[in-house]
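Written out below as structure tokens is the structure these notes cover.
Just so it is clear, A, B, C, D, E and F label the chains in written order, and each chain counts residues from 1 on its own.
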């Protein structure tokens, strides 16, 4: 359990604290007066803080490496307007000492509730084949476990623990709200696509102490990983209707909507077209939300144009805040 | 009133009929045995039919031109497996004799009901400025009248009388269904955008006897026509909040979503992004519906891949028909 | 067995022949003097020929459909400078009566020799895992059987029976000739990629009576089909080194070299980069060869610029013929 | 009135000065020995200079913000090779104390002369409708006033006070010189387009203390702003020939020449094509001129290749200087 | 000398004529009643006309081929609304019998006058090196001779005899009119570029009996051909200033303005930028002129939008005709 | 001769050295205690090192400039973890004192051996015209001399002395290995293209003390420089077969394979297509090799994904190292 979070440094000014962190960088530097010291960066889910260790750091240096968890003892103080910590002790911390949720940002929503809502939609399926297909994934201990905690991205939209589930659930809700207006769409097939389209992300991304791509993620990508998982899972579900298999596989492969975004096929069915459009919309709206939050975090009023948003190649405007601003 | 429609030719084989048509093409040709005859193409909303006029066509030729309405008398017969009509009389027909709805395809839905539903959404607006802005358009006799009959396109999606209203109404419904999941979006502003975004089409398109672009449509385009109409209409509504004006104008200008589709600005607000995405989706789904219908009209089963769809650069599959096919 | 081929029509002018064909189109038309007749197009691997059946075709019409094989009896004659055939009999022909090789163009090379050469390269692999992986495909009765006859494309390069094997074998040879100059490349891994990269084409293409895409080919594509086949095949080969699996999978996914050509990943390893470049080269050289042949077939000398080649967006020049031309 | 300009710092080394500046940045920092100080950046049209205020800055801090004008008293000195100023006093300065021309770069030409030349061309118009249209803009106090001072861009070509007028005048001159060679072009219509095409920039840009985009500029853009201004202005000029209105509107909308540059329409008339080409040329030549000047300002000889010019994606060469260089 | 032109057929209805033509196509066809006849297409600079030769054509067939000149005797008559000619005689015609100007469209202007004007500009050059360089081309008998008759294109802008000279002369005039506004530009260098930029077209194009690309034109292109001609010509002019050589070479290489238009370099000097922009403008204005003429030739009023112009990806409007139309 | 290389600094810690370097940057800075000193950067082919000169540097400053060679005497010491040198003497060094190979990275292979191998291939040509053409370049003292030392690029692939020859030789070898599989290819023509395609680089690049583009390189480019050199060289070889000239010229012009890479023509012959593909492959493989080396140089294991490689728009994986890693 972690008692001290970086965001609370001001409350501990000039006090001594003991806590756990991710050691995000570590350098040995020369003191001006001769000798060496450690220049460190510590992180938890609330931010990052510089640290210095001036003496007797040989053991610390031997046991701790960038990217691992550490337990430290030190004194908080302010330097050039920012808080930092001068360490007297630092040691490697085992994962058993750690609650990973303290070190990565995570969803604001209750994972169990989200999971139950998602399973509820599937339980109500009339199509038994789609139902057993989706549950084969959700009830798979390894897959289901990862699905509940995975982020949806390394950065950009939904880049937090539980982000994948949160993204999928919103998408499923929007799909269900939109289906009544498009009679060509098979609603259960669509929801199946929404739940499985990003399942490859649980192997594309790693989120232990920081978010990153796995080697398999870079070489194969979540679209093809998902297709591979589907093929493997289907072997245990045979006999499974070949037509349903093709339609589900097609939704997975085409959901990025364009070749240049890594989809090897363009959406060709009503479900694939709708899924791809709403998935793209969800990502854009979530990006926008993040940009609006960033403006506030940077001390802006939030009612003017944002900075240039590179991923969307334009600035954005929070219209509600703009209208509310006197 | 029109008693005979081209689609009913089989019922009148070898009979004489009298009816009105659009004269879609007219050629004077040489008879093999010497002398001339008229080779004509007649059209109404149910299809097209070849016609021949062998004798005494001087008066007809003097009064009738391609693209006008004509009243004809003639005999139906079958030639090389297709019905055609041999005319004994043909004369120019005034628009007063004509119900334009007989000559252009038109919406399957009740225009009055659609119009009432649309007005109902606006009546319920809490924002009085947006309410009087939208009604300034809908209650404008000329604009409102055109809005109720205009097609939404020259070809492709919603290319029929009432198509604009039908397109807008579906879009408004989908917008309203989607808004609850995106708290950043101002629902009334979004619906305002949905109702006004294509208003320029009533001047971009002409639909008297066939669908075509006006010169203003080609030179200015419906996006900028709409912006011009907005600026003109606002003069009578002053004082009108400048911020609302900018936000509505921005939705109109950006709704095509990309520069290469003729939008001079990319969507930058939550409402503009949502409107642009759902408008694009609506057009794609409607295109798809039309392609599926075309397959059936071409005598295919409808459960296989369609022909290559040029506007979407891919073939399509009607997944429901595919699954239902034994 | 087929005694008469379309290319030999001139030798049978005004004679009666009996033979098998693919019925590539069938229409019922009206005779000018009343009544109906059949207008047909017959095909075999040497070309196409028009046919007419003027009388007593009711049974023929009932049993024969476009795309099936037929047995016909008729008289050859010349009409407007082209040979056609007037049929007295036509009936459906079972596949058992047919040697498919008579109806589709096929490779000039001996399939057994090519197959043996390909297997020989694999037999010599030092890497036992790659060896058993490749043989798991080649020795699979269904896959191996299809591999030996499949074309490599619907049209363009290697669009003939055995074309896939011919394409792969040339590619393997060029890979092996090039490897010595690039020490970063693992030769056996590269050859594995060359043999498996297009394996999905055996399910993407259909080649029974004409070359076409399967529905799975259009919806999934040969790249992802191949990846799916690999995943399924690997289940029976476990334990299989995970690293090798990722490298092989990556070569398959990236071999088109660009997103816009349907590869969901760009080549990132020495083997993937080399394979993708040489595969593209092979296709271009084979296209060029086909264009040069087409010029000769069209009665040109072959030593000047070809017509515009759409697939390459340029005309071509057979430099050897150009130099040899006096 | 401003007595001291930043470019003259060397002449005042170790002297005390009193003058006005734009306060372009302001930070409160910690002194090493404890306590705080102000780190400031001051600007005028000749450059920028760092400033420090070590003591008694509470009142200054309360009244002055980034972007406002300030009056300061301080001592010039050199630090690390650059001049800076140590302030004893700083207070907010009202616009009434300021001549904005001292703080922004401005045109080298006489605005009144340019204005008179431009009006002279319009006075000579034979087409009364175009004449009263253009004068309706030029004689509008608010529009005309802004037109005389606005820059033509935030950065790049003509980014200085009076830059818009200077750009337009050169463009009008080149248009007039070119017209004789293109008989299809209506010269007065062309000059009308040249004068009005960028009129929206007076609302797209703000130039009070620094050049920036307005919110309306970012959301609507100068092309559509201009079209809106035209529509509003025409209401007071009715009856105005509809054909002329479409042609002028079309020139405004299409003058960027390509969709990806924000034009919703491509140029389709002789005047629109000529205007768009010459406007693009003018901008390129002016950019080039600025790049050549920058080379000299950076201490280069000016006779070699410039640095890479990002906006043109190439380096440039001043050919006259290159030839003159021995 | 040619007495009869195709455009005059109506005046010779049912009369016999004797004249020369280009034989643009020749086919041997089967008569319905047995035997063969010749189906021919004849052309001169005023148009094309179908011809038939029913009997005794063996000698004609032996001596005449597509693309050669022929002398024919025959009877004019009207068939299906078009004039054609029934030939009694046809023989090969030598070039000595022919005035090539009768068979290809050619410039409306006097070639000698244009040539003199062009030479006059060069004679006035102050820069002796540029003067002798340009004259080395113009006074080269082979080059100068070809320059005076070459078309500027195979189709599109200036596709007629003398078109190259006409295009260059207009370009030179516009360059000279524009130079005064751009002091960075060396006017004589610019005019040198204007005169030499397209000189490669005299080897890229062939224009004997019809306009086509040479093999060298397709393989090397007029840009690189021109550069090669410059290098060869400079050998005889040594010593020639290296800097001038680079600047002239650069104008030639960059004058298409973009890589995708076949320029291996982008324009980097004031002269190259101006030349490239005005050359592009000249081509667009000339294309537009041709499209306006085509509308009139197709019997349209010329005051409405033209058909879609593929080479410019838009329709066009003749604004002067549009305004003049009541 | 150079006794001390920068990479050997550790062996000379706290010792005095005397050696030659390239002076890559030079700045005069203010000492904190008043007065000035020189802050310098020295370079040789093994790396770069900071230098300081605290006193009596007036003569050094007067004679030495950035980019020239210098001879220095100084003391090696470590500062903030890096070696630097404190100079007591520095003077300009003439090129006669210098072996350029000490200052630029150069090929690992023996230039004489490479040269002999290349010449050997040409000596064996059966085609005498191609043989004398290639030798006209190789035996030209100026061209041949530069060919043996030129780098193949400013940065990226083969950016070292001898890199051009090394690149060409590998390309020739791969060409020769590939030719047997493509009977349409004339092997000697292909090798001629491989040897001459980049010959323009000897004038496009400068490599005296650092690698850079010449002005001619930027304005004309190595493709067109090579074409110019070919035209000039051919004048001395006449009579030379025109067809061979066109084919060689075409290979040079088209070898970049795409317009956007600066080729004015696309490859249209078997030799041009093969050359362009293998040249591109060679460059990619060499880039990859360099990226793998960079990973090791940066202290990474080399068995994981590399950093993002901008020139290839992807990361890379050294598959052999990846497989070998336990």
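Heads up, the rule we're going with is that a contact is a pair of C-beta atoms (placed from the backbone, for glycine too) under 8 Å apart; a residue touches a chain by one contact, two chains touch by 3 or more.
In this text the structure is predicted, and so the values were computed from the model without any measurement.
Touching chain E and chain F at once are the following chains: C, D. Rounded to a multiple of 5, the Cα-based rotation taking chain C onto chain D is 180 degrees.
Looking at which positions face the partner, chain A and chain F present mostly different ones, since fewer than half of the interface numbers are shared. Of the chain pairs A-B, E-F or A-F, the one whose interface repeats that of C-E, sharing more than half of its contact pairs by residue number, is A-F.
Averaged C-alpha coordinates give centres for chain B and chain D that are 46 Å from one another.
In chain A, the residues touching two or more other chains are 215, 218-219, 247, 268, 305, 315, 317.
All chain pairs that touch, listed by label, are A-B, A-C, A-D, A-F, B-C, B-D, B-E, C-E, C-F, D-E, D-F, E-F.
On the chain D side of its complex with chain A, the touching residues are 29-30, 215, 218-219. Interface residues of chain B, counted against chain D in their complex, comprise 215-216, 218-221, 223-224, 227-228, 231-232, 235, 246-247, 249-250, 253, 259-265, 268. Taken together, the chain C residues at the contact with chain E in this complex read 80-81, 304-305, 315, 317.
Residues 170, 173-174, 177-178, 180-182, 184, 186, 189, 243-244, 247, 266, 268-271, 273-274, 277-278, 280-281, 284-285, 288-289, 292, 305, 312-320, 322-323 of chain E touch chain D in their complex.
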